[in-house]
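Please find the structures below.
Both complexes shown next keep subunit A, but they swap its partner, so subunit B is in the first and subunit C is in the second.
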Partner chain A sequence: MIRILKLYGTLIGFALIIVLFSVLLPGTFLTSGNLINISQQISMLAVVAFTMTIVMVMNDFDLSVGSMASLAGVTAAVLFSLGYPVYVGVAAALLVGLLGGVFNGVLVSLVGILPFVATLGTLTMFSGLAFLVSGGRTIFGRDIPSEFSGFARSGVPLDSVGLDGLKLPFLSLVALVVLAVVWFVLEQTTYGRRLYAIGGNKEAARLAGVRVKSLRLSAFALTGLGAAIAGLMYSSRVASANPTQGSGLMLDAIAAVFLGMTMSEEGEPRVQHTLVGVLILGVLDNGLTQLAVDSYIREIMVGAIVITAVAFSSITKQGR
Partner chain B sequence: MHELSIRNLSKSFAGSPALADVSLDLRGGEIHALMGENGAGKSTLIRILAGVETADALELEKDGRRLPLANAKNAYDAGFRFIHQELNIVPQLSAAENILLGLPYPSRFGIAVNWKELNTRARNALSRLGIDHIEPARQAARFNTGDQMLIKIASCLVDAEGMTADLYVFDEPTAALTGEESEKLFRVIAGLKESGAAVLYVSHRINEVMRLCDRVTVLRDGRNALTAPISRTGKEEIIIAMTGRSVEDMYPPRSRAIGAAVAYAASGVSTKEVSGLEFELRAGEILGVAGLANAGQSGVLRTVMGLSEPRQGRLECLSGAAPKSPSEAWKSGIAYIPRERRGEGLMLQMPVRDNAVLPHLDTLRRLAFLADRRGEQAMAHKTSEYVRLKAAGLSQPAYQLSGGNQQKVLFARALGKTPSILVLDEPTRGVDIGAKYDIYALVRELSEAGCAVVMTSTDLSETLGMCDRVLLMRDGAQQAIVDAAGLTPADLLRRIYAS
Partner chain C sequence: MFVAGTIARTFTALVLFTGVAMAQNVTVVTPYLAQPGTQMYVEGFQAEAADKGWNVNVIDTAGDVAAVISRIEDAVTQKVDAIVINVDPAQIAAGLETAAAASIPVIGMDSGADPLVATNVTSNGYAMAAETAVYVANRIEGKGRVVMFVFDAFPPVQIRGVIADAVFGNFPDIEVIDRITPDVQDGGIADSRAKMEAILAANPEPGSISAVWAAWDQPALGSLQAIEDAGRADEGIVIVGIDANPQARDAIAAGGNFEASIAQDFIGIGKATANAVSRAISGEEIREKVIYVPTVLVTKSNVDK
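Right, the complex of A and B next:
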């Protein structure tokens, strides 16, 4: 019984939240339109949380993902406003994400700074860079090409599966693709097996022939890339870019991974569990907004739920 | 003189009995050894005495009075003190602070810590143990493991007003100590006995027990198998009581001559840790590395593993250039079992399988990057069977295994690909006698098959029983290489001191 609660407590909580909202919001919450809407709302957070899982598998953190998302967004937007084509802006933003991630990786694995300290430093640096690049202003309107902002507004028609007139948004699709790729990398490749070994015991992994330094560096690069993808998705969705747009992502992404970690037997992060964490945060946000609950109250509730889930799982795990 | 009697002690976990009707009598002024293979119930007994685990049934009497034992505070109030092999010392604090950690520090005006008084009290506690070489104001991290253990013992001596400890429980105290450090510890334990305290001494090391203890109790499968005075008990009798079978000879005999091929050679090598390395390791040979405490034994092994780069001299490896990192070492067929099983060896939360196959993922993968789960399962199955691992399954996390079986997981890891050189740092440390025998047989079998072995051991009879030659180290420098044949442990010890 305890074992079931330990492993499935978070999932049961998620189910209860859905039941609660369906009762409180009859006819509006559990509709395919709203669910598709949720999938789009959470897609940016999902991408950041999925790629955050890669570093958290190794017991590391990346606090700089939020400002990286902002930096990537404004980088693309500034290039658009200078008249560069969409693919140049997008490629440049992704490159910025990759390089920023590599920079984090160098600090953590080669220089040997604690991830918390190193990425706290780059958080500030990336944020400052975003202001520098954008000149501190929001880039919007005619500066953002319609091909770019149109991406977030279109999707794959779902008429064939009986949902006439609805579309699966491209943003949701991107999140699904990132999920599949991260799952594949972590669970199905030798690269992923080694990242888990590093998370289990860094020194033991090194002595067993795992090249800890280069793997850690590359994992941070992937997380940076994920943050840049999320930044682009956000800019596309709101058809604008400003230097603070991504700031809320980091805490929510880490919270989602922690929620997911409560679902595995030994408390290790798994990207499929991170998905549940993201869904919990997304559904809460959507439902509470529809219930017109004040946004401050919402923040208190989200924080309390994360703490409850983690506390619950550590209490049940101590009991064994 | 206190008498502590434990009667009718039973405890089961999820229906399977860990202790069944065990009794044990401890007397003041006596060192009582508790022995048994891993899983025999020693740890459970200690955890119950410490009040960490609750017994299903227990009659505990001290000097004829019933004692309650429901939690750790009961145990403390009863005067029980515990010294474990894994030290819970705070390395950042000074020795004196560690000694007085559980108590209110002496202070001036109730606010500022009175450091002088603190150090004096610590020094008094140390001198009651006959220890004068530990400077109380020095940071605990700067002492070696043996001295840290002495600090821990001293902390058991300083109690709140009017309290005295009547029973000291030592759980494998010498597992992490060198011979010299152990000697110091033995003198301190003998002093505790003189002072009238009862000592319960848990150890796998039969020679230590024969020397140090007055009586012995052996547990097998959670039951009393033997209780007898040491003076009237032979080693063989204890081993039979522990294992239920007779061990004719711990060390399997060598039957084949050493090959001519040189597997690994060092000439004039110095690194950050060691100097003057000059040896040839031949295929099929077992080379021991011995010396006093921290004389560079591990440094020799770390050099072979590519963990410490040579500043001068040449390293050569039969299978090509000498490796410059552990990753290269494993690739060129050098397998390593590090000294610290938990800190350097295992991913404790991860399954046996993942632990066993980790260095061999490259040989198992498909399409250059895909993990081959079925291949991993097959390799782990084969190697864990080969090392006679006892686990609930390959998915069992490593932390749930006994020390001996955890060590076998590391051996399974070393055997994933047949190694050409096996590097073993204290391969039987904290391992029970049955698993020890399995490990000796395994190492012998590998060397017979042509694998070169280089190993360290603080147990000199193990070094002589297993090795063909012994490389002697002193202060990080190689002194000599001696032939093991015909030497006794006393001879070897003499050579170590003389070199």
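Right, the complex of A and C next:
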């Protein structure tokens, strides 16, 4: 019984939240339209959280993802405003994300700075760069090509599956693709298993011949790339870019991974569990808004739920 | 007795039920609730909404513009009667389209005009600039040399400069000796001060500068510092700003060269927004895409109010 609660407590809590909202919000919460909305609303956070999982598997952190998302969005928008085509802006933004991630990786794995300190430093650097590149302005309007902002407003029509007039948003699809890729990398490749080995015991992994340094470096690069993808998604959704727009993503992404970690026996991050964490945060935001709960109370509740889940899992694990 | 009680209770329940069913639900979404101006808009809006008996849900997304779109989608799902936004509509087009598809009116509270926004309630930037420019022209009796501080890169400030140009241009004896765009990266005061020091140095004769017209308060404050530090505060140079921020009010109250600024009625904008919402909910097609709320010229005589 304890074991079931320990493993499924978070999932049961998630189910209860859904049941509660379905009862309190009949006819509006559990509708296909609203669920599709939620999938789009959480897509940016999801991409950051999925790729954050990659470094958290090794017990590392990346605090710079939010400012990297801002920097990537601003980079693309500035190139658009200079008249470059969409693919150039997008490619440059992704490259910036990859390079920023590699830089984090070098600091952490080669120089040997604690991830918390190294990425706190790069958080400030990336944020400063985002202000520098954009001149502190919000880039919007005619500077943003309609192909780019239209992406976030379009999707695959779902008429064929009986949901007439609805569409699966491209942003949700991007999040699904990132989920699939991260799941494959972490769960189905030796690369992923080695990352888990580093997370289990770095020294043992090194002695067993795992190339800890290059693996950590590459994992940070992937997290940086993920942050840049999320930044582009955000810019497309708001049809603009602003040097601070991604700053809310980092804490929520870490919270989502922590929520997910309560669901595995070993307390390791698994990307499919991170998805549940992201869903909990997204569903709470959506349902509590519909219930007209004050936005400050909403924040308190979200924080309390994260703490409750982690505390519950920690207490049940001590019982072993 | 028992029956009568039951009937009375049923009746009360019925009245309460219809009362709840009749109340309008209005969602206000803003990323900027932490800013003083926005808080005052919301305060004015809520006061008026309480009189009308609406259920108002104020959502602050703490700077997150994408979350504004998400929360608009949620409000549309909830089929609210109207949505009020306090954010640039160009950035939330996706949310506006969702609301339009559900025929839910969106009203801007100092948000900017947009075809998908029923109407935007704000202050009239043209009128504010006209009022301060005319104040200067009258104060210097239609003749003299004027320094202008403008910022044409930002549309709401650019229109102020255009109007001041027109006013001064209409007085044959007023000469605009410089039209300066300060560097605003440091907030605007420091660079404006440096620019004004240069102008003072270039015009050393007492009385050679009659007035400084600034399109917002920071350059006016910078000019005031430059004039006072140059020891030229007693030459009668008239300084005016726009916005009447607390620092400007202090300077105006002190009774020095900074004589006037102009205050937006934030509470009034909130109240007028509630009235616009009420019109939109009743099904009226609001013809004026922008509704202006009067502003108040702030001088030493009324700065304490």
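Keep this in mind: the second predicted complex is superposed on the first by the 320 of 320 C-alpha atoms of A that agree within 3 Å, B and C clash if a C-alpha of one lies under 4 Å from a C-alpha of the other, contacts with A are read in each partner's own complex, and residues count from 1 in each chain.
Throughout what follows, contacts are C-beta pairs under 8 Å (C-beta built on N, C-alpha and C of every residue); 3 or more make two chains touch, one makes a residue touch a chain.
Small disclaimer: the values here were computed from a predicted structure and weren't measured.
By the touch criterion stated above, A:268 is placed in contact with subunit B alone, subunit C being left untouched.
Contacts of A:201 after superposition on the shared chain: subunit B is touched, whereas subunit C is not. Of the two partner chains placed around the shared chain by superposition, neither subunit B nor subunit C is touched by A:314. Counted by residues of subunit A touched, the larger count belongs to C, out of subunit B and subunit C. Shared-chain residue A:192: touches subunit B; no touch with subunit C.
In the superposed pair of complexes, A:211 makes contact with subunit B only, with no contact to subunit C. By the touch criterion defined above, A:154 reaches neither subunit B nor subunit C.
In the superposition on chain A, no subunit A position is in contact with subunit B in one complex as well as with subunit C in the other. Taken in their complex, subunit B has these residues touching subunit A: 305, 307, 325-327, 329-331, 336, 338, 343-350, 354, 358-359, 361-362, 364-365, 369-371, 397, 413.
Residues 25, 27, 33, 55, 57-67, 69-71, 73-75, 77-79, 88, 90-94, 97, 185 of subunit C are the ones that touch subunit A when the two sit in their complex. Contact residues on subunit A toward subunit B in their complex (touch as defined above): 187-194, 196-197, 200-201, 203-211, 266-268.
By the touch criterion given at the top, residues 25, 28-29, 31, 33-34, 37, 40-41, 44, 136, 138, 140-141, 149, 152-153, 234, 237-240, 242, 244-245, 247-248, 285-286, 289-290, 292, 294-296 of subunit A touch subunit C in their complex.
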